[in-house]
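As written, the chain order gives the labels A, B, C, D and E, with residue 1 at the start of each chain.
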Amino acid sequence: MTASRTIRHKAAAGKIPAVPLTIEGYSVLHQMMRFRWSAWRQLSAAQRTEIASEAGRLLGQWEQAKSGQSAVYSLIGHKGDLMMVHFRSSFDELNRAEMQLAQLRLNDYLEPTTSYLSMIELGLYESSLKTYHELIEQGIEPHSEEWKRAVKEILDRQREAMRPRLFPEVPNARYISFYPMDRRYAGEVKQIITGSIGFDDWEWGVDLFADDPLVFKKLIYEMRFDQVSAVYAQFGHFYIGVRCLTKDLVALLNGEAPQ
Amino acid sequence: MTASRTIRHKAAAGKIPAVPLTIEGYSVLHQMMRFRWSAWRQLSAAQRTEIASEAGRLLGQWEQAKSGQSAVYSLIGHKGDLMMVHFRSSFDELNRAEMQLAQLRLNDYLEPTTSYLSMIELGLYESSLKTYHELIEQGIEPHSEEWKRAVKEILDRQREAMRPRLFPEVPNARYISFYPMDRRYAGEVKQIITGSIGFDDWEWGVDLFADDPLVFKKLIYEMRFDQVSAVYAQFGHFYIGVRCLTKDLVALLNGEAPQ
Amino acid sequence: MTASRTIRHKAAAGKIPAVPLTIEGYSVLHQMMRFRWSAWRQLSAAQRTEIASEAGRLLGQWEQAKSGQSAVYSLIGHKGDLMMVHFRSSFDELNRAEMQLAQLRLNDYLEPTTSYLSMIELGLYESSLKTYHELIEQGIEPHSEEWKRAVKEILDRQREAMRPRLFPEVPNARYISFYPMDRRYAGEVKQIITGSIGFDDWEWGVDLFADDPLVFKKLIYEMRFDQVSAVYAQFGHFYIGVRCLTKDLVALLNGEAPQ
Amino acid sequence: MTASRTIRHKAAAGKIPAVPLTIEGYSVLHQMMRFRWSAWRQLSAAQRTEIASEAGRLLGQWEQAKSGQSAVYSLIGHKGDLMMVHFRSSFDELNRAEMQLAQLRLNDYLEPTTSYLSMIELGLYESSLKTYHELIEQGIEPHSEEWKRAVKEILDRQREAMRPRLFPEVPNARYISFYPMDRRYAGEVKQIITGSIGFDDWEWGVDLFADDPLVFKKLIYEMRFDQVSAVYAQFGHFYIGVRCLTKDLVALLNGEAPQ
Amino acid sequence: MTASRTIRHKAAAGKIPAVPLTIEGYSVLHQMMRFRWSAWRQLSAAQRTEIASEAGRLLGQWEQAKSGQSAVYSLIGHKGDLMMVHFRSSFDELNRAEMQLAQLRLNDYLEPTTSYLSMIELGLYESSLKTYHELIEQGIEPHSEEWKRAVKEILDRQREAMRPRLFPEVPNARYISFYPMDRRYAGEVKQIITGSIGFDDWEWGVDLFADDPLVFKKLIYEMRFDQVSAVYAQFGHFYIGVRCLTKDLVALLNGEAPQ
């Protein structure tokens, strides 16, 4: 926070830009859906298997994709029955994934309850200041063409160095906890994974992955207990899901919870 | 509150951890549902009995379970007709119970209105401080491996000692009052039963059980009248139900209020 | 307010209990419903009369009941077409009334929009202090068994004396204005009729009855204009209804507004 | 505002009543509705004309009424397709109008989205003080029977003098902007037309009529820019409609926007 | 902001009007809709093509219009599947466009989720002051007839000069980000495109157009990071769409995301 305060201080003096640098990776769409069990059960077992298999093939390809994976979760509670998480390289591709899902016959049994659109984001809070310092020491004039080119070069380098964190695989954990939040710009933000300013109704969307859900509680509890978070952080709805590999999708749609 | 203030004081000095210790028991899911009376009445008496009996068998097993029980309540007002409360040993099992209910034919007549996901929680507010004190007196360095092992041992011991409160049976009372709430960390919280930070949209979910509903009013009234609560506590919706044993489920679904 | 401040003052000194005494009467349920006119009109006149008469018989019994009456109102605006107000001696009986209504064939044409659960409540704000004073003057130790017994005796006596106000008939006025509210404990509350702390989402539910609806406006206007209320009182939705005696129910369901 | 402050000042000294006087005229109901275009288009042209004409006859009578008119507006945007504004001499008559509309066959194609219940109100802010002054100068004791009689006489006289403003015709303007608002009692309120304290969820409902909708924007912009309004005024949803005379109702329901 | 503060200062002294001048251009309606994929897929391919082509012809004319264009976007997420943006010369014409869309057979497959009504607006913040200054220097008395005529002339001149910005074509960018916002009058507002005070529930509606959606994030991030915006600006929901030219509408409705 000292660093970011210094940036603000210098920024106030008009010397360097006030906004911390960020770099972005995957475009991300969370889709929460309710499943129409009553209508589904009116189908024959053969029809159900056929429809679920068709969906399983598409989702299976996305689950196994070398880059830009998707994952399916069985949600707990009334906020939805299924959550799909899509990692893609652009908003175009997210829109395409959404449209492809809408063409599945399974779609007749899915009702969207909510969704969240964001981009994986790394905030260069500490290094923004360092970067600006170094450029100034090199005698580069803030806001000049040279400055902009230098900043862009640094960002490109960082983006390359942090590639695995910007373009990750979906973690293998059993549980997911997803929630949107605002932090009102009070110092560093540690739990942020995807930024959604300008895309959706909160500033960040956070995904936590764990094999023991108690981890979620401990982590958020500590964050809330902290004076700064208690005052500045606001949380949206929480979505808790159990991972369902697409090989288990037919079983899930037969009413069997994920193994 | 003195104790927790002292913890904060020491914590501020960086000596001991700031977050009070908690231990967890059952995973808990509350499901509120509306019942489709019109569609239900279009069935023959025989069909209704068959469907209600099927549901009664599953719910009866859960009601009588040695551990991890479920209970059914007839809700008063428009927020729902039925509330099911499930105590289970993991989120996996809650998801499984939810899926099993969804496969019942009765499910065609149930509409989810809301739900709440949490874990039974005991806050070791007073004893956190005592624990930390004792460890320091034993010369154990805060945050060291030895410290962590010692804290874990103490928690394990407490968990064992408080087993009946962490893994309770559903109380036999006639009425239930359920509500979620936040307390904003202002001292000890006495009415807390389940914690939901990181799982659902409020910090705690509280269940009160009584044979006279006036008890609920007196209790919450006192809590609200108290200066601290009036400022720091926020309450979600209140759900009031009358217990319906599964032996009376067929009668309930024939329109007879619980005996 | 002077009295209640003195209580708080003494209470702060730990001498007497801080919470003003209340006594309770009828359990009360307000049910707001929309009427499915389109489906209703598809019935033959004979069917409509039969279904409305069946409902009229049940509601007529409740309207004429010696104790624990119900009343029907034709609501103005989109918040609902009908409002039923039930006075009963327990929550069990409210649940039973609700279930009996759900079994009527008329129920197929009713959609619940909202409801409110509360108990008729008289706050003994002034007399709490007087009571505590007298007990202290008699040398009775606050919080002792003797104190509790004395308080209970006084409450029983008050309950008996105020029986007509705790267990009233439904007033004969043409109009009703119902709204829930919070007062945040700022002195005496004069308009309170039913308390709902611990039962529903607001602290009180207020019913006003009048033959001229302008009375409602004048009354609430004065309350809001008052500095204290303006700051401390919060109001929920307002529901305005025209009384419909059950003898006019068939006509109402034929589209004739209450005479 | 000086006048109203003086009233408060005197009121605080307990000399004169604190609440400014108001006089009331028509009872007013706004009904916003969505039109079921898909179902409507499935009717034959003849059926559509018949149903629209039936509605047109009733609405035409109300539009041409010597007193207590109704008007129809084609709403812009998703908040509804039609808005009906009813001026009536009592809540009874509003309830009757509502019921008569519900009996039209057109009602099968209308879905209520919201509504607003209020009374045309003139606030005698300046003259309240003058009135009180004069009475005091005449030596009449505040709150005495004589005082009340004198105040009532003055109100009756004002009501008679302001008859055209209390019982107006629906203005002939092409556009309407309706919105509910609160003002938190900060001085004079100029834009108020109907009061709804005690009747609906905001303090006032405002109707603006104009042939150029830009007038609405300029007017509210000035009000919001004003320091006092910016702090004290809160606005509900805005509803913008284009007047549709009932002679054009059949055309409107054939998909032609008002001429 | 200095300029606007000076205006306020002079305005406070009663010398010049307090409200900054604005000039208006197109009336604008945003319509967000969900598409009924399940019902749509039950049509034959021939029917789908016919219905989509009918819609394409109308929307194509609007897309190509010399003035007052419309554009179609494929929305990402659950807030809707399609967004239509209409630029028209009056509210009458917006109502007409809305009615024409409602008559399309495609309308049976569209559900409105929300909408937004506004007017393209340019705030003459800086030049208001300059204008007032010049008039005062010319010896023209504020609020006089001469003053009003002079202001009107200046506005007419500005409106003519800024015609291209007041009556723009829909930009050719691939992505759109639309959101409503309030700014509470804290200095100059730079991102404002359409004003909606008096028309809809927020003060402004903002449309951003870009070929790279990251631009939206950077832009809003900077705005939020700015101290003034962080305190005074409030944002509504964000809607992100991918432009779909009407030549691609048939493909879109066959489930192919925009090329």
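In the analysis below, a contact is a pair of C-beta atoms (placed from the backbone, for glycine too) under 8 Å apart; a residue touches a chain by one contact, two chains touch by 3 or more.
None of the values given here were measured: they were computed from a predicted structure.
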Return the chains shared as contacts by chain A and chain B, ordered by label. none
Mind checking the rotation angle between the two copies, chain B and chain D? C-alpha superposition, nearest 5 degrees is fine. 145
Using mean C-alpha positions as chain centres, tell me how far chain C is from chain E in Å, no decimals. 48
Could you tell me the distance, in whole angstrom, between the mean C-alpha positions of chain C and chain D? 29
So which stretches of chain B touch two or more other chains? none
Based on which chains touch which, is the overall arrangement a line, ring, star, complete graph, or other? ring
Parts of chain C lying in touch with chain B, wherever the complex brings them together: 18-20, 22, 24, 27, 29, 31-32, 91-92, 94-96, 98-100, 102-103, 107-108, 112-117, 119, 184-185, 195-201, 203
Spell out the residues on chain A that touch chain B in their complex, using ranges where they run on. 37-38, 41, 74, 76-79, 81, 174-175, 177, 208, 213-214, 216-222, 224-226, 230, 235, 237-238, 240, 242, 255-258
